[in-house]
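Listed next: structures, encoded as structure tokens.
The two complexes that follow have chain A in common; it is paired with chain B in the first and with chain C in the second.
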Partner chain A sequence: MIEKKSYPIYFIFGALVLYVVLCVIPGLIGVGYSFTDWSSYSDEINFVGFKNFETIFSPDENYLRYLTNTLLFTVFTTFCKTVIGLGLAVLLTKKIRGLNIHRAIMYMPAVISTLIVGMIFKSILNPQAGLLNEFLRSVGLGSFALKWLTNSKIAFWSVMAVDIWKGIGYIMTIFIAGILAISPSYNEAAEIDGASAWQRFTSITLPLLMPTLVVTTVLNVLYGLKVFDIVYALTNGGPGYATEVLYTGVYKEFSLGRFAVGTSLSSVMFVFMLIVGFFMIKIMTREEVEE
Partner chain B sequence: MKRFILVALSAIMLVSSVACSTSTPEATTKAAADSTTGAAAATTAAAATTESVKQDITITYMVSQDQLQDAEIALGEKFTAETGIKVDYQVIPSDQYVNLLTTKINAGECADIFSSQGGQFDIVSQLNVEKNAVDLSGESWSATVDPLAAAELSVNGKLYGQPIQDVSSVWAIAYNTKIFAANNIQIPTTFDEFKAACETIKAAGITPVYECVSDGWHHVLWFPEMGAAYEAAEPGLIDNLNSNKTTFAASPIMKQSLDQIKEMVDNGYWGEDYMSNAYADAAKNFASGDFAMVVANQGFGAEVEAIGGELKASDVGYFVIPLVDNQILNVNPVGPSRFIYSGSKNIDAAKLYLAYIAKAENLQYLIDNVSKNNTLPFSGVQDKYSDIIKTFYSTYPTHGTVLQTTVKYVNPQWMEIGKEMTALILGDETSDDVLKNIDKNRADQAAAAKDPSWNT
Partner chain C sequence: MKQKNVAGSILVNGFAIVFSALMIIPLLLILINSFKTSLAASDMSLAWPTEWRFDNFQVVIEKGKLDTAFLNSLIYSAGSVAICALCSSMAAFVLSRRRNKSSKWIYLFFVLGITMPINFVSLMKVMQVLHLYNTRVGVVLLYAALQIPFTIFLTYGFVGKIPREIDEAAVIDGCSPIRLFFSVILPLLKPVLVTVMVLTFLNTWNEFILPLYFTGGTDKWPMTLAVYNFFGIYFKDWNLICADIVLTSLPVILVYFLGQKYIVSGMTSGAVKG
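Showing the complex of A and B:
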């Protein structure tokens, strides 16, 4: 009976063909090129084995730094966006005046183009005449007026802070949808039983929000690993190499005409994201089984 | 029937997608080669004429922010009025320009006209002009380009670029003569004298040097502009670098030069905000009197006067950068130039634009209205050198060409050297690291270009 109801297997062929042709084959071609010496300087393409990967993982190169920067960016921004986004979502699901205006304001950074955000924050964070340092000086906190984007020790933190500011609204909106989907009767019952707000949050809201949390984490992690635009717009990888991430590295290699090294970097990222994706899906399916 | 349609559609999608996705480099090369052939044919056909071009077209011109002047935009408007061809100037921040340009060229989707540094080595290794740019030898103005400048824009006797700005001008230290006089400072001839001058200026509450690292290119000038001094200290260095018989890392004089740059910064001669300053604000800041010196070319005095402050062009003097006790005038016949992209659909219109700019009266307009141009490398134009500039040139009878023009694979990694030098200044790298990384980048480019000196 069930067999009759389910669609025949060839129904997946269309989607499968598209997926293979548009995603798998180009991916494999890219991986293939990472074993060659493909460059803009020569029309010849020769097989060079793992030479490009040796270059990438060589301690003499900066690529490992790009990789650690990318991972730091991913972990830190995911954590901050989740915690702050969740906090805001909890606040903005209460009955407060002008609720939608508050939500709209918090969401607004997400709709502004990253390049524009970059330009605005470059101006705000200018150490000499930027809004932030001018403000700090005007309230007597001149010692906190730092070189936000030009000091190699803090530039990457500034970039991450701007990205968190921009990304929170989007994550908050998903959390709001998740919280609103939780039946109010659980909270009401707990309230009658004398549960405190914190107890209700940790014992009702948070557990029921787990599937949403997994979705936002996946989104944040994948975004973090792929980050390019905000770094490009704010610091272009500088000062020195302080804020370089993998995709600014790929872009640089491509612009220098070293296509093979660029595709090798992409391939490393591809494998890494595959592993991360695999475990994420594992966690997500485990949640579903438990439910 | 439905099943048949589904299968048929899938098959079509598969075939078309595969056809698109397997656009291999060979295919791209072939396409580019075809377009080059087309370009060559267009060139042979003769120089473009207004009649042969449709009136209602827009040509795109991708240019770095420091390489486009208001005067050229004004000429562009006149050009549009005369020909009907509109010019869309795509102005790109200088720190992003080189990466973006090479990416666009490599991706096969560049603007009709693009600006780039010239240089007989670099236009081959970095731009591959024989494939990516249009041969301009047949243009009426090509014979008027100064031979030295034309040589740096030519490959195998064919001219590919049109100079944008004055190349007679050199990157030297522009100084505020009033500040120097008030503090009784003489023009330094050694690095020690330069340091002493900086200390005096600093003690007077003025930042000695205006520097702008955020642009990515300007602070680099301190290092390769000293090429002739390096060659003088280590004769044969340039040839040996080009034939891969020596390296940057093996050169004590280049290490000394980098160490002196670091020493300047550590001593506070660049002030506090050198990391975030921009070269576009150099004249304004210099005119304010808060800074005593800046690395600039000889149009800088006019730019300072144009700000409208107390400082006039005659108050801005020049001396050569005295790192490693240099006293050689660092000349460079290479400068930013316009190229026409070989894949452009508007090659004839783009040629008309270049021809319009190269008209004698328009070149003169660019000399008279762009502060940094004292002349342009074309015949039939009138220069506007002031006395102070003439004095500067006559002070240094020995001339030598800069490193980025004489040594292969230096100019294409200009922005990379900028990053390395930033890391040096910030203490993240040593001068040895910087030199080694320059060598490594040179080796990478040479290997990719299959340079015989590196592959043997």
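Showing the complex of A and C:
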């Protein structure tokens, strides 16, 4: 019995103190502050009940739009990243020249700072001199050369497209690992029985890839709900409120000194996340449970 | 049948090349334009530079105060990597080895942090109370704290694969807990520690929100924020902006190529049951 003596509990203190003080406590007191009128305009902090949440969910304000934008972003980018990422993963597990080079290149956008990706695409999506519109004009599609980031109807779609460009390599890499973990004997047997490539994909690869698919979906959803960087870097919420999401909203409230509304928005997110987090933990710890 | 295979192979290779091109062209665009003159870079095209301006980089380092920013980034990244890796591996070791219920609960409590969103507003209050606001130490500790949950999650699984017999042998030979951890367990954790350190380094280097909220002035800004600030001031000189972007991204690209194996294994562990 070496349990207690050799595995002293004080080994976890460092991690626990940092985690509790800088992550858990701010989260909890944040929920507390969302029932007050805390702001930079007055030193007094009064309890106001659910007033902040009424403000957030009232149809006269723009906050509901932050929520719907965040949800749209989450659903759309999750869907696109999954479909394209899976397609690329299937492609890059075939016999292709320079396979590793392709994989390395496609993952590269994922390691570059989002802020920098934002700046790169601000240049590419520039209506006058940007690479995209120059290209469209040169192939005779000049009528499609739009104001990608300043037209309020399409700005949010541009932001989501750039985010998909950046995030796809990561999702693809996870799918590749998942596909490679499938024993090749299934596919060989099916091929001998005369199954087409599509049949093999839908009846073998896809069902066996389900656990991976669940994980990528959770990762994409978590990322989508928390998105801030790419929106901040590309449009900072504009034009108007067209591309505003929850976290850019929090930042704006914070800069304006309306702390209570900012922290209430965060609390809405906190509740969202706890629900998603619950499922996430169930998935991520399933290995230990099964053992 | 053979013809069909050849056609299929061309199609598949073609697809791969098109997609790779889509991914790399935006990055090449920046690299090419970083060597141009201000006038040549103004239309941000993929044309090869007619006049190579290598001094762009020097200009950017001076005007963009990249030396301070580089130092800040290095302090934030190296500091948080060291603190996060050490604290997390110690905690993961003990939590994984103790087989009682409470250890399991503490572990789950940590893992829940992976999804927890940051409430910047109340975090600001906490930082001010602790006198960590607008200090480099504060930023380092924050980065370490935020990445502890995922790091514990990664190392916990790895510790479980190290046989307990090793601990027992070491303890019988008279190892103290600290010696057991640092001279027996830590060397065995090397593969996962490298993964963790590479990931923490990349995340911290690329992040910019924490310094944006929790530092008061530009003197404590990391490279990512410095480049963004520069972008605001010199928005007409795309050659300089590109040079700044290249310099800021160089460390992460370098770490990426050196540690690619570890990044992929870290990103996919837990995601794929193999």
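One rule holds for everything that comes next: the second predicted complex is superposed on the first by the 250 of 291 C-alpha atoms of A that agree within 3 Å, B and C clash if a C-alpha of one lies under 4 Å from a C-alpha of the other, contacts with A are read in each partner's own complex, and residues count from 1 in each chain.
Please note the rule applied: contacts are C-beta pairs under 8 Å (C-beta built on N, C-alpha and C of every residue); 3 or more make two chains touch, one makes a residue touch a chain.
Because the structure is a prediction, the values reported are computed rather than measured.
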{"item": "Touching partner for A:L71 - first (chain B), second (chain C), both, neither", "value": "neither"}
{"item": "First (chain B), second (chain C), both or neither touched by A:L18", "value": "both"}
{"item": "Touching partner for A:A195 - first (chain B), second (chain C), both, neither", "value": "neither"}
{"item": "Touched partner set for A:P26, first chain B, second chain C, both or neither", "value": "both"}
{"item": "First, second, both or neither for A:A161, with chain B first and chain C second", "value": "neither"}
{"item": "Residue contacts on chain A - larger count, chain B or chain C", "value": "C"}
{"item": "Partner chain in contact with A:F254 - chain B first, chain C second, else both or neither", "value": "both"}
{"item": "Partner chain in contact with A:N126 - chain B first, chain C second, else both or neither", "value": "both"}
{"item": "Chain B versus chain C as contact partner of A:M210, first or second or both or neither", "value": "neither"}
{"item": "Doubly contacted residues of chain A, that is, touched by chain B and again by chain C", "value": "14, 18, 21-22, 25-26, 29, 126, 251, 254, 259"}
{"item": "Chain A partner contacts - residues on chain B that touch it in the complex", "value": "6, 9-10, 13-14, 17-18, 21-22, 25-26, 29, 95-96, 98-100, 102-103, 105-106, 125-126, 128, 213-214, 216, 272-273, 275-277, 412-413, 419-420, 422-423, 426, 428-429, 440, 444-445, 448-450"}
{"item": "Residues of chain C defined as touching chain A within the complex", "value": "9, 12-13, 15-17, 19-20, 22-27, 29-30, 42-46, 83, 86-88, 90-91, 93-95, 97-99, 106, 108, 110-126, 130, 141-142, 144-146, 148-149, 152-153, 157, 160, 167-168, 171, 175, 177, 180-181, 202, 205-209, 213, 224-225, 227-228, 231, 238, 241, 245, 248-249, 252-253, 255-257, 260, 263-264, 267-268, 270-274"}
{"item": "Touch list for chain A against partner chain B, complex", "value": "13-14, 17-18, 21-22, 25-26, 29, 37-45, 60, 126-128, 147, 149-152, 232, 236-242, 251-252, 254-259"}
{"item": "Touching residues (chain side chain A, partner chain C) in the complex", "value": "2-3, 5-9, 11-12, 14-16, 18-19, 21-27, 29-30, 33, 88, 91-92, 94-97, 101-102, 104-109, 111-116, 119-121, 123-124, 126, 129-131, 134, 165, 169-170, 173-174, 177-178, 181, 211-212, 215-216, 219, 222, 225-226, 228-229, 233, 250-251, 253-254, 259, 262-263, 266-267, 269-270, 273-274, 276-277, 280-281, 284-288"}
